[in-house]
């Protein structure tokens, strides 16, 4: 398998798995099958599209529309099977962890292919990993996973992208650096979901009741 | 009337009608006139701007700022006349249907002018038609029309854009294909609003109460 | 100080002050330090990134990653000091006013540097000033400042950007026009916050209770 093939498989994996999470959120909103496909494609392509627009690259699914077929197939599969899950929300959290672990290295690889410096490489790993899910959650009025109190999420993306950069500086081959990136993201996120790993949060004071957040 | 003129009129029509829907939503949020203009311009240009950023075209209202004047004029008109409507929400739904029927063919035409293949042409019709209204609804905290249970919306955009592609393959002239596209979008969306046409939705289970969606 | 240096300082100032507002919103959502940095960077770069994508310029923080370091430093500072504020929401409103007054002229200057006509210059001042805060508020489920009833916000950005264009037409030097822009934005926004300056809002009818806005 050439590195190009491996990177393309990584892209497809991230797209398919994020599409599944989008379709699961669509099932919580009780949409029809086209709604499933719409949210799945938004989730699967949102992060990478933002990355490509920022880096002025050809958007990845315009260059390779098979991406859209992958996301559509994943959405249709979920439409017919979501009822088999014991807890869709629990499944969503774990599948999203795998999607994050595939999307962050995909973003890192794309930024490195554009010849970006390390700060932009790290940010593009985070953008690719986090923004699709953020769009999914904002559009469907879910609490964004990115913002959940007492869980690691953006931190996982940051640590993974940083690992890829450091591994590259240390002379690791590209595929090894990307594998290390995916592993760090997955271990941190899984540890947060399974064992409650977290950073200290700002707890001093919640918002005052006379300045409420947005309601219905 | 040359095809170029016809396409430009289609663009202006989509912008004006979407701007009216944005201003109606602004009236539901009781904004001032500048707020009406802001939401109207966001709604009218959001889909096309996303399309042009993805296709790396010059953004349509940067190329032709008259677009902004059209949206502004529509917003001011609504600011002074919205109180005449019996039901602003009902009007919003129907005017939005016409906007969708103008924006989808405009997106299809723009993607074809960029020389895109059919999958991207269909997606760009959907992006141009659906994303401006989605931004309007998310920013103003309305239930996104795209996500309303038991209504056709994204499906109309998909069917219309697909019709344009099929008509082109069948040898129809461009203006005919775009007219068929607009007609399919409008008939499906009107049928959904008037007669409740719909696709089967995912109804097996609503979200469990211990995993609530986002509140105030 | 050369004009280039002055413009770069203006950019840094807008980024730092918007990052502080993002971090204050993160404190209201009780996030961890990486969440503070994420929301701070989104707020600080959201408007300018949209502007650069629309104008097809190199995104400003890709060209100069120091921007990201400035926003990160501001977020960390707020993480450790936000509890010292009497009212974080009141502080947020006022600091956001200064951010708006720095970001609007930064957007105007960037559009003028791209050789845009006056309508696009004005819109880019508004986009740069308003969209970062709008993204912050939508993602964190706050009532968008842009949409608050009975307050000037988008109006301030519009008046400031218009002032810069008029001053330029009247022959003012660039730095003078940008200073006038910042002053107009700040005075209008401060007057709105301190003295309740406002435009007449659309008050005829609130939305009808049978068409509620989006809830939990």
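Per-chain residue numbering starts at 1, and chain names A, B and C are given in the order in which the chains are listed.
Just so we're on the same page, a contact is a pair of C-beta atoms (placed from the backbone, for glycine too) under 8 Å apart; a residue touches a chain by one contact, two chains touch by 3 or more.
The shown structure was predicted, so the numbers you read here are calculated from the model rather than taken from an experiment.
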{"item": "Graph class of chain-chain contacts, one of line, ring, star, complete, other", "value": "complete"}
{"item": "Interface sides of subunit B and subunit C: same vs different residues, half threshold", "value": "different"}
{"item": "Copies subunit A and subunit C - rotation angle from C-alpha fit, nearest 5 degrees", "value": "120"}
{"item": "Separation of mean Cα positions, subunit C and subunit B [Å, integer]", "value": "27"}
{"item": "Subunit A residues counted as touching two or more neighbouring chains", "value": "53, 56, 138, 141, 213-216"}
{"item": "Contact set on subunit A toward subunit B in their complex", "value": "26-38, 41, 49, 53, 56, 58-59, 62, 65, 68-69, 79, 82-83, 87-89, 137-143, 212-216"}
{"item": "Residues on subunit B engaged by subunit A in the complex (per definition of touch)", "value": "53-56, 116-117, 119-120, 123, 126, 130, 134, 138, 141, 144, 146-147, 149-150, 152, 154-155, 158, 198-208, 211, 213-216"}
